[in-house]
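The two complexes that follow have chain A in common; it is paired with chain B in the first and with chain C in the second.
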Partner chain A sequence: MTGFQIPRNSLAWMLVAQTAVIAPHLTRLLYWTIVLCVVCVLWRVMVYQGRWSYPGKWIKVLFVVFGIAGSIIGYGTFLGLDPWVGLLIMMFVLKLLEMHHKRDGYVIILLGYFVAMTQFLYDQSIPSTMYMFLCVTMITAALIGLNQTRSHLRPLQTFKKASVLLMQSVPLMVVLFVLFPRIPPLWTVPLQTDMARTGVTDTMSPGSIALLAQSDELAFRATFVDEVPRSSKLYWRGLVLSRFDGKSWTQELPALYGRLYRPGQPPTSWQDNMELLGEEVKYSIMLEPTSQNWLFSLTMPEGTTKEGIGLVRDFRFYSFREIRAKLRYELTSHLNYRIDRELSDFWRYRYTLLPKDSNPRSLTLAKTIRANSLNQTDYIRNILRSYYLDEFVYTLKPPLLGDDSIDEFLLDSKRGFCEHYAGSFVFLMRAVGIPARVVVGYQGGEYNRIGNYIEVRQFDAHAWTEVWQEGQGWIRVDPTSAVAPERIESGLESAVEDENTFLANLPLSWMKYRQTLWLTEIRLQLSAISHYWDSWVVGYTPSVQISLLTKYFGDLDRKWLGMMMLTTFFSLLGIVAIFILGKRSHKLLQPIDREYLKFCQLLAKEGLPRSVGEGPIHYAQRIGQQRPDLAPAMNVVTDAYVRMNYAEDQPEKTDSLRRAIRAFRFRTLTTVAY
Partner chain B sequence: MASNANTPDSTVWQSTRFRQWLSRRMPPSSAITLDQKKIFILPTREGIFFSLLIVFMVLAGINYQNSLIFALAFLLASLLMVSILHTYRNLSGLTILAGGTLPAFAGEDAEFTVVLSRFGARTYEALLLGWNRELLQGADLLEDEEVKVKLFVETRVRGPMNPGRLLIQTYYPVGLFRSWTWADLDMNTIVYPRPIPAGAIPSTTATSNEGELIQREGVDDFYGLREYQQGDPLKHVAWKSYARTEELLTKQFAAFADRRVWLEWEFFPGMDREARLSRLCYWVLKLDATNDEYGLRLPGVEITPNRGPEHREEVLKALALFEVDQFEIEKDS
Partner chain C sequence: MPGAIEETIAHIGSVLLGKEHQIKLALTCLLSRGHLLIEDLPGMGKTTMSHALAKVLNLSYNRIQFTSDLLPADILGVSVYDKDSGKFNFHAGPIFSQLVLADEINRTTPKSQSALLEAMEERQVTIEGQTRPLPAPFFVIATQNPNTQAGTFPLPESQLDRFLMRIELGYPDAVAERILLKGEDRRIVLGRLEPTMNVRQLQEFQEEAEQVKVSEALLDYIQRLVQHSRQAPEFAYGLSPRGALALLGCARSWAFIENRSHVVPEDVQAVLPSVVEHRLREAADFSGHGGTALAQRMLIKVDVIG
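Here is the complex of A and B:
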């Protein structure tokens, strides 16, 4: 079982790389997997030091059984990315205890590259990529170490070699990255696991959005083709919630909506209900993964042409696949619009439906105010005014509410976040028979002037309402603006400035230091870089590739693209080859050696080449015998070279050698002239 | 290059046509500098697995529509291509020179010294060389301009030995490709017969007319002392008397004429040629160890008695080469 020993150089890099590659997975791994990793690494170190021997067969079997059983128990399933990555990592470390042949070393290294790959399924950001590049360099160093002689004991040299190899590979990689014909998925991969993601959900209950607003995570970035609309116009519509159970708001039953509009299909009947007015606003959205299906758009969007996205009856977009990777989509919206000018009795019924016997006090309140109002418009105005006049408080820390949440909010606590206002407002509308619904999404966002886009974060999450008016259709009414107009004009931070609750749980969030100018500058820069990265690297999808390459090279099909890729790749490989194999040897020489070699070439031209392995002194002696006329000058040069090269004391300047060679050249020229 | 029974396995597999092609391409020479004409390069098994890993990663990239998985796959693919250049570079420009050789007795290892040398700044790492593919010797050319590598080749039968083409290969830096060359350095040595113990040496005085000599310097029986002369073996100096008298004296030993041995082909009637040669070889070693004078008589070969390393070599060589052509034919058939 002994025989082969992994070179020390390689083993060291293997262990370092392994630790580094596994490190980002730690939070996702089960704790016992981590224990197993540590045990294996320590065991391997003990084997290396000769204190322990490799574990016996039964211990290994025990480890594997323990590992697999632990996975099944720990994850409860094998259908997901996490369990598979967990198993992969387990194999990766267990292999450490079974290194009897050189090929076992290769197995570990290939597994290492593979584990490095899995990290990108979780995180494709710039820091993650840079870190993984470092990891790949270390794995490559282990690979090089495996092929070095046992006597090579300079791990840093090995790492340097790995870096050189990878640096030479990077330009080639870029060619492949840009030109390799990207194709849509060949088959669906159901492996990706649901990650707990923050974001707008399809249920709104009191406190749910206030909770979301504690997060500074990125929701999406929107790049506008032309001017960016004013912040108060930026209502990013996500979901329409119209069913109320007394406490929470949920979506309408999908079956009632009828057919979705899909690109490439004939328009649905309800699309006639959409009148788009005014100027169009063109923009694209780079949505962060949500694990949900809904997409955000400014009201009111035109239909879409993007594959895999449909328009729903309530005029919002729906992705047929859950959004598990960053998704980029282009939209055109009209900020003026008229939708559903006619509303059928059925829908009037649905949009005025309230649960029986819930929130009786609010119901009475609504009827009282309605009795004192002239008409529906006056009623709406009165409601909004009463939010203001009754000193309602806009707060990120709303009190908990009981079963009749609207009663408690409107008549007792009077403290709430946007969902309280939107929910109670729709309730008050429906109480008097006005069709109304809740809309959730985001409002506002921060403008990044460096990247020229709007950045929307989770704390921009918002809920507002739409009220149907005879002859006008659905009108957006945002009751929050009656209580806290600064929320709409300049965002959450200024709206809750007094109570100082903005990102209270995130003391180190970048967003809290918006007043510090230089920090903001750095933040905007980093954000812009990250946006470019998301757009052009992470978001380099088949369609982006085609549109980019078509822009520069005209129409291309995949065959041409493949040809172009191969031609460019191999031309570049040729250049790299010249760089690697070319006669660069002189560049790496000491200056004196370079001078001396030039001198030898000079003599070679005279027909007196230095033979292979001939030392300078022997060479000088031989030349002295063959051409006594050259001997004195030859000796001067050789002496100078040998003295500088081998003398222990401070080496002289190259100049003296150069002078001697110049003198020699002069002499040969004059002798030739005779 | 002619192969014989001593040619190591690693080169035997080569077909005759391939060998002819090789000889045209890389004729035997005692100094070979490797260039693209002489270097072969192919992926290793690990290289193929590595390619499969890349294919797998590209598939993962497609199915997950994950750009950075693509990027990693492409980085590794580029690394694979770049490693071809590096593996090639790790042989290209290397100069291999034939060094000295040492003979061996059949069944032992013959020693061949090969000198690897580099010129300029290019360094070479993890070179593997040898005649036996399973037992390659590693060598680095990093700081040194030249490195001597001693290679040992197993021998089987007596006769002249040319180990054939030397395999020089490297997997450096990443082991995904193997570049190699078959260098024919035209190195030769001699394999002596395998010594086989053969009992006491039969007396051969009858045939010697130099047997009158009563006394010669030998090693057996102490005879007397004489003044030290330059060249006398140090172990024969009478150190005890030197300590007493500070006069250097050499001990003389008596050997008798019948100790001037003739090693005769005729000693072993009925035995075949090889058995006789092996036994004669054994005696040569015995007699040499006791510093006796010995001569050799084989059909058509006569070496007069003498002693010393040159003589020993001459005699052993005669044994090794005796009727070697006939022997080769027998071996081949």
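Here is the complex of A and C:
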């Protein structure tokens, strides 16, 4: 092999950077890939120390074949991101054993940048970004090290230089970030960020929301333009579940709803069924990816104009695409409203439908209470009162229920979470012919005064009901508020305070320490920072870019944007160039020097340039020897210059020198003629 | 060239053949009231040159041969007890003369070297509590063998700095050498040399040299040179302000010898190697050499104009 030995600094940084870049992927890698990484790094260090030599061709082939075969077996598929990232990392490390030339070092470093970027496919948060910045600095240090001589023995110096370089590139980075036209990718890789995401689902069965409430993951953040409504008003409507099979609730068949309302289309027939009253609340929601289609809004929202979002028959929003990345949308809601004042017979039928022969005891109970009630309103009140009077318990640990879950809940266990109350309440309504439906979404949320937004987490998931009343339309009834009013007023934590089950499975969750003031302060700060990051960096989508730039530069399209970007880029480059060039002649030339240098350029064109360290007299002497014909005129100029520049103190008037130069020019022109 | 100076150079040149440039440098040093260090191999005419200088300039002349057992008293002088008068009489050492040749200065111990160098700096000698001024003009020409030769105590940088100039004589060219080989014994020629000026004239010349005009543009150039030595990576350290002053003073004297009323960059360039070489060290060279190359680089890289 050739004698190329990678500089020590470069190898050190390369290995460190490689480790750092691979580290975040560790949990996703197959364990043998990690073993392979360690082997390769050790082998490379041994090669550097001269104890081992590079592996032979067949060993390398063996590594590659086993690596690919192992990946196929280990992942079982080559669809998705993980197998490819795994393969990339494997090749990235194997390349270490093939570093014969400087060029190979460059390949590893470029691969390093690439692998660093793959981390963003998984996580785009601030800590992850900062970590990647560190990684990129280390890779850059390796790149610098590769171009240093072996006498550079201080790796920290190299790292410092890399940091400075990177810092210098930050302004350009910002400009490119803001201005570079954002082009949608040619193909999309199914991102893994939506894996293991929980959230409100379109099926509600006893225990499903209680399970969700174990999580402190962020669901969304809502920023209000004006004042934030009271917590008890914050019902974030997500889904309407109206089909019941005796145990779980699901959505109405989409076909029955008829067509969705899409922005920009003529209004649908059912849109008139919505009357919005009272003051409007303006807010925007930054929704975490759910890989679902439904969106959350405060009741009742006006229509939206955002592309890709439609309004469904039951007055909630629906995204046409699965939400795989953070989604920001702006809404206006009216907390007072009246919807579906008229309900057709068909819908009356649908909303009172119950499965046959299920929960017979509850059915009987409903009829008994109805018989004892004056009217529908009284009946509803009686039911809610009985939840309260019969000492129902609001608990995060409801007992498991059998097939006739509502019977068991209402008459036996009497312990349940919001889905039990919502489900049983709708059942009891339907049992006596009152149209009712379950609504799931979130309720409440934590107000962050630093960022002025409401932060809604998974444990804020909630289920409530809507009951249709003649002349009033759908009205919201939350049976949970009858059992545990504190859930609605101040959130889950206080509602389950007595049984101490709030986030019992997450002992280290920030949320558990809300009583500690300074921790809360820090948490709110971090959350606010993270929110700004999500809104302005991660959420800087093509449409946001266009609207932002439109705001400052007026209407523009992609072409304009590209031109502007290029202009900015080159003007930046120009400024840098001027700065660099300007440094060389930081002192302004005296007029007389300028004249003389112009004269020197004249001679340079004749092939007689003055060298930098050559004084005027020596120059004149040399020219005199090389071109005796020029000597007399040359001497006149030189004498004038020397006299003015050295015998006097650089007078402002340069006339005599200029005259001499003009004479010289005339002379040369005539001599050159033949 | 003022007539007397021209004559002086011609006279010395008749003894030291083909070395006009070095003679001019030595005179420059003298006119700038500085001391001269001549560094060369034995037998290159170091002693001849200093002797000739003393003769033509009509200066009192003493030669001290520096050896490893030379003591400071051998240079400065000693008080001896006179039995007749019952007093101590001071017997002045060889340093009490207008031109002192300190031959092979790097062959003696640092102690004796210091005695000479102190006298050079202060132009007076303090012996047994009594300060005695040295004659004016006072001019030391020290010679030394290149440091790498055996049996030498190289002068440290701080002491080298006391010498305004350091020159090398170098081998004579073929023509000069032929004349030397064919001609008379140099010692006889030396004995025939006639003075070309007296001490007063010399002092007048020194004063005149100080009056030579230095323009802003020229100061700019000197500052650029000094700045370069302080910034360029190949220099272990830059020129001191004393070095810059030395450069300016020598350039003035050189311009005076060239019979110019003002200094031009070529004057600076002519004296620059002799003035700065022994004050510089290359960053990559720890043995103390490399000043020659550095001086050349300064001349090439620093722009004369601008």
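Everything below uses one rule, namely that the second predicted complex is superposed on the first by the 531 of 674 C-alpha atoms of A that agree within 3 Å, B and C clash if a C-alpha of one lies under 4 Å from a C-alpha of the other, contacts with A are read in each partner's own complex, and residues count from 1 in each chain.
Following the convention adopted for this analysis, a contact is a pair of C-beta atoms (placed from the backbone, for glycine too) under 8 Å apart; a residue touches a chain by one contact, two chains touch by 3 or more.
Note that the coordinates shown come from a computational prediction; the quantities given were computed from them, not determined experimentally.
Enquirer: On the A-aligned overlay, A:177 touches which partner chain: chain B = first, chain C = second, or both, or neither?
Expert: In the superposition, A:177 contacts chain B only.
Enquirer: Considering only the touch criterion stated at the top, classify A:427 as touching first (chain B), second (chain C), both, or neither.
Expert: neither
Enquirer: Examine A:235 and indicate which partner it touches, taking first as chain B and second as chain C; both and neither are also allowed.
Expert: neither
Enquirer: According to the stated criteria, A:468 is in contact with first (chain B), second (chain C), both, or neither; which is it?
Expert: neither
Enquirer: State whether A:144 touches chain B only (first), chain C only (second), both chains, or neither.
Expert: The answer is first: A:144 touches chain B but not chain C.
Enquirer: Does chain B (first) or chain C (second) touch A:92, or do both, or does neither?
Expert: In the superposed model, A:92 contacts neither chain B nor chain C.
Enquirer: Considering only the touch criterion stated at the top, classify A:387 as touching first (chain B), second (chain C), both, or neither.
Expert: neither
Enquirer: Among the partners chain B and chain C, which is in contact with a greater number of residues of chain A?
Expert: B
Enquirer: Name the contact category of A:614: first (chain B only), second (chain C only), both, or neither.
Expert: Only chain C; A:614 stays clear of chain B.
Enquirer: Once the complexes are superposed, what residues of chain A are shared between the chain B interface and the chain C interface?
Expert: On chain A, the residues that contact chain B in one structure and chain C in the other are 585, 587, 589, 597, 612-613.
Enquirer: Can you check the complex and tell me which residues of chain A touch chain B?
Expert: Touch list, chain A to chain B: 103, 106, 110, 113-114, 116-117, 120-121, 124, 129, 132, 136, 140, 143-144, 146-152, 161, 165-166, 168-170, 172-173, 176-177, 180, 182-189, 192, 325, 537-541, 573, 576-577, 580-581, 584-589, 597, 612-613.
Enquirer: Under the stated contact criterion, what part of chain B meets chain A in this complex?
Expert: My answer: residues 31, 33, 46, 49-50, 53, 56-57, 59-60, 62-79, 81-83, 85-86, 88-89, 92, 95, 97, 115, 117, 119-122, 125-126, 138-140, 145-146, 171-175.
Enquirer: Okay, in this complex, where on chain C does chain A touch?
Expert: 213, 215-218, 261-266, 269, 298-306
Enquirer: What residues on chain A touch chain C, complex-wise?
Expert: 585, 587, 589-590, 593, 596-597, 600, 611-618, 642, 645-650
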